[in-house]
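The next part holds the structures, each set out as structure tokens.
Shared between the two complexes below is chain A, which pairs with chain B and chain C, respectively.
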Partner chain A sequence: MQPQTIWQRMLSIDRRLLYLLLFVNIVAFLVAPIRMTASISPPVQKFYDEIEKLKPGDLVMISSNWSASTLAENQPQLEAVLNHLMRKGVRFTFISIEAQSRDISYRLAERVTSAAGYKYGEQWAHFGFVPNLTVAIKGMVNDLPSTIKQDVRGTPIEKLPVLHGVKSLRDYQMVIDVTPSNTVPVWISYSPKELRILYCPTSVMAAEAYTYLDSGQIKGMITGAKGAQEYEQLLGIRGLGAPFANAISFSHVLIIIFILLGNFAMLMQRRYERREV
Partner chain B sequence: MDWFTEFLPRTPERLSIWIGVICTLAIYSLLYRENPFYRFFEHMYIGLAAGYSLGPLFVDIIYRYWIEPIWVQGYWAWAFVVPYGMYLYFIFSERYGWISRIVIGTLIGASAGLFFQEFSSRYLPQLNSTLKRPLWISSANPDITGWDVFVNFLFIAILISVLTYFTFSYEQRGVIKRTAILGRWFLMIGLGAIFGNTVMARMALLIGRIYYLLNDWLMIRIGGG
Partner chain C sequence: MTPLTHLIAQSIWRLPETLSKDQRYLYASLIVLGAFVLVLGLIPVLQTLPPRGRRAVIVTVTFLAGLFFAAEFFLPVDWRSIFPKDDPTRNFLTPAIQPAQNVLQIIGALALGLGTYGLVRLHLRNVVQKRTQWGYSVVLLVAFVTMATFSIWNTLAEKELVKKTPFVERGFSILFDFTLVQLDAAMFSLIAFYIFSAAYRAFRIRSVEASILMFTAMVVMIGVVPLGAYISYTLLGLPQGPAPADADLWTRILHSAGLPTIANWVLTTLNAPVQRAIEFGVGIGGLAMAIRLWLSLERGVT
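What follows is the complex of A and B.
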């Protein structure tokens, strides 16, 4: 039997070895204390500027619809945004159209707000899981208390000081949609026109959202972990965005190296075969 | 020693993390090869997800929006809503299948009505934004630079070529065909950008799980958050 060439061996490499290399690469760049400076992209800068325009006491609706599967992208985004909102002294409420997201976003918000001394009920609240976003938005525009009825802790909405005097979604200044799903078109379609919409999608959703950004239907966007890294940089905080973006960047580098090596080996093997003929 | 004591599943919280780790490793064991360990946890995951969704379905939907208004607030008319929705199941009956069409008709009517609002709010502003793009520098647009004009022309060229690609009402020949081919190239570039983002998103899923293993299980603190 003819011995394999080095190119053939490269082309028939066990894929599990590649998985292992990818795993080691991600672990290394998550743990390594590397701080790379990110250039701030215009959508992230716009997002930041819009929140900077808010005044203390303004009311923001956070639509949090992510679960454990997109934690690496949506958690750093949400943490960074909450930090900014609390820094501005803004009141905010959460809503989730995904059952798992209700628990995840509530626990995350409790941790982040308690560290900053924000009080539940007075400065923020969570409306829990609300099915069917279209119906929920239309209901909240008409009559918010009777649509939501009670918060995640079972307190009637009317008894929450954070919502004192709030009758409708029109009393809010902003909506921030943190999501891996295609929910932002629903907010654009059915929320009041005066409401500013900001968007925190996962990377896979971002490309489609540029049309809304371009037309001004959304005012700013944080794209995945990379966007979160930029936002943390703008805020001057150290969160999860930077290590996650590092790990993503270097795993991309590794994948590109795999692709280049694979293609190079294929070309060399073809050339070798032609020579043999 | 302190680390090891904390690491062990001695508290309910730590136990839940250990269970999460076992589930994660079991699911990722597929990368090595197909195995019964993976199959068991895959089925368990699907069952858990289905079971978990039942809780919020009852507490947050059925109870909050149907049972409570009827029993606590006395809106007895709501009692007819769920049976009306359940008429949909008559679709499985040959004799009474027509009853399901009443509910389907309601749903289609509501969706069509909602779509009017969606179209005007979602697509008209985009049309408006496209039509408002200045294609030359004038006193009416003092802030526009040469680069902006170039970008706007490019935008219009891409829009027209992509729309031409999706025009199937007549045979594409000559200039129309070349424009459509250009549109297809622009589409490919757009799809390439989406695919690049998809790779990034998939990598983020893996990073999320590895973060869980490192941060929650092995207690190696990552990031400042």
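What follows is the complex of A and C.
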């Protein structure tokens, strides 16, 4: 049996070695004190500008539909956005169509708001889990208190000071959809036309949303962890986005290097085989 | 004469305001009981019917249910003639959306219950009959019961229906924050390792198209992350932001040569139209499928 060439050995590299390399790369750049300044992408800038237009006391609906699987991307986004909303003195309410997100977003919001002195019930509230977003939006457009009935703490919606005078979704100024799923078309289709929609998708979902961004149906977008880093930069805060984006940056570099190496090995092996023939 | 639509709007969806609170409860209870009896009565009727008759009932109910939502969305009946101060965008079917929404929420909740029942039944059978790998079923059942107990207990405590003890709080936190969330995140993160391995093995330049795709992917991968900005604006010293209106051609090229600018151009100018075309096709396909389901033309519906 002929011994394998170096190029053949490269092409049949043990996948466990690749896994180990990626793991070391992610951990190293996650903890390394390297902080690169991001270039603010236009969708993130638009997102920031839209929230800047809000006035103190305006009402925002946050549709939080992510679970732990996309925590690395959606958590930094939501934390950065909450910080901005609280800085503007805006009231906000949460709704979740993902059962796990009901607890994740509620616990996250409790932590972030209590640190900023925002009071539950007076400045923010969580409506909990609803099984069907389309039906919930249609219901909220007509009659929000009858659709939601009570918040996660069991308080009737009418008794929450944060929703004083709110009859329907038309009384809101903005919807922010933080999600790894394709829920934004549902908000675009069924929410009132005057409601401004902002979108926080995972990186893999962002490509599809550029059409809505282009048409103005979405007013701004924060894409994944790197979008969160840009947003943190705009707000001048240090959050989870920066280290996460750092790890992603260098993982991309590693992937590119290995794609090039794989192609180089393939070309060299072909050349070797031609010479042998 | 009062139009039929006005009569429906005023009398069917809302109980008259003149009724006392007790009478309203009585009427509402009777309506719920009547609906319950109707649904329960339908099951034996459907079972006694021949397949053709059963199909006719299901097709009719499906069509009427779909028609309701379509009619509510499209009907341009002027609501203001009945309720002048109300929202003009509503029509006579709009008040029924709320009850319909409640029905759908209940059906959704029933589906969750049904799924839970099916899962527990299957794994209980595995354990009782000691089928292959029944140990995993034991783990599932124990995890299911423990998580459900602490989760329900914690939710009741949040609603102040039971006392919130440190045991419940700590137990729920260990199970949810430190177990479920971490395991879920770890499971999903495995994708990155598979993508890395797959990209190394499969991303090969075998044609012109593959070369274009790979080059574009690389530019976007680096352009969208902070490293792209660092390479372009710090290492190469390219000018950031749009070029001034009176800039010469070379300055304009330099302003457009940054990796983040190129990546954004690819996403907005190349990606967006293609995505729009795909979504348009998917939308038309979805519409056709919805009509087929609504009219019960899809095989396996009935």
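General observations
Keep in mind that, in the parts below, the second predicted complex is superposed on the first by the 276 of 277 C-alpha atoms of A that agree within 3 Å, B and C clash if a C-alpha of one lies under 4 Å from a C-alpha of the other, contacts with A are read in each partner's own complex, and residues count from 1 in each chain.
Note that a contact is a pair of C-beta atoms (placed from the backbone, for glycine too) under 8 Å apart; a residue touches a chain by one contact, two chains touch by 3 or more.
This one's a predicted model, so the numbers in the text were calculated from it and none came from an experiment.
Per the definitions stated earlier, placing chain B and chain C onto a shared chain A by superposition produces a clash between them. Looking at the shared chain after the overlay, A:Ala32 reaches neither chain B nor chain C.
In the superposition on chain A, contact is made by A:Pro76 with chain B only, not with chain C.
Look at A:Ala207: by the touch rule set out above, it reaches both chain B and chain C.
Shared-chain residue A:Val130: touches chain B and chain C both. Legend: residue contacts after superposition of the two complexes on their common chain; A:Ile6 is shown touching neither chain B nor chain C. Residue contacts after overlaying the shared chain place A:Phe258 against chain C, while chain B stays out of touching range.
Residue contacts after overlaying the shared chain place A:Gly154 against chain C, while chain B stays out of touching range. Applying the stated contact rule after C-alpha superposition, one finds that A:Gln229 touches chain C and leaves chain B untouched. Looking at the shared chain after the overlay, A:Leu240 reaches chain B, while chain C stays out of its contact range.
When both structures are laid over each other on chain A, chain C collides with chain B only at 99-107; the other stretches in 99-107, 135-143, 153-161 or 171-179 stay clear. Comparing the two complexes, residues 19, 22-23, 26, 68-72, 100, 130-131, 203, 206-208, 211, 214, 223, 226, 248, 251-252, 255 of chain A contact chain B in one case and chain C in the other. Residues 11, 13, 15, 18-19, 22-23, 26, 36-39, 41-42, 67-72, 100, 103-104, 107, 130-132, 135-136, 138-139, 142-143, 146-147, 152-154, 170, 203, 206-208, 210-211, 213-214, 223, 226, 229, 245-246, 248-256, 258-259, 261-263, 266 of chain A are the ones that touch chain C when the two sit in their complex. The residues of chain B lying in touch with chain A in their complex are 31-32, 52-53, 55-57, 60-61, 64, 68, 114, 117-118, 121-122, 125-126, 128-130, 190, 193-194, 197-201, 203-208, 210-212, 214, 220, 222-225. Residues 87, 90, 94-95, 97-98, 100-101, 104-105, 108-109, 112, 158-161, 176-177, 180-185, 187-189, 192-193, 195-197, 199-201, 203-205, 214, 218, 221-222, 224-230, 232-234, 240, 258, 260, 264, 267-268, 271-272, 275-276, 279 of chain C are the ones touching chain A in the complex. Across the complex, chain A meets chain B through its residues 16, 19, 22-23, 26-27, 30-31, 68-73, 76, 79, 99-100, 102, 128-131, 134, 149-150, 185, 188-190, 193, 202-208, 211-212, 214-217, 223-226, 237-244, 247-248, 251-252, 255.
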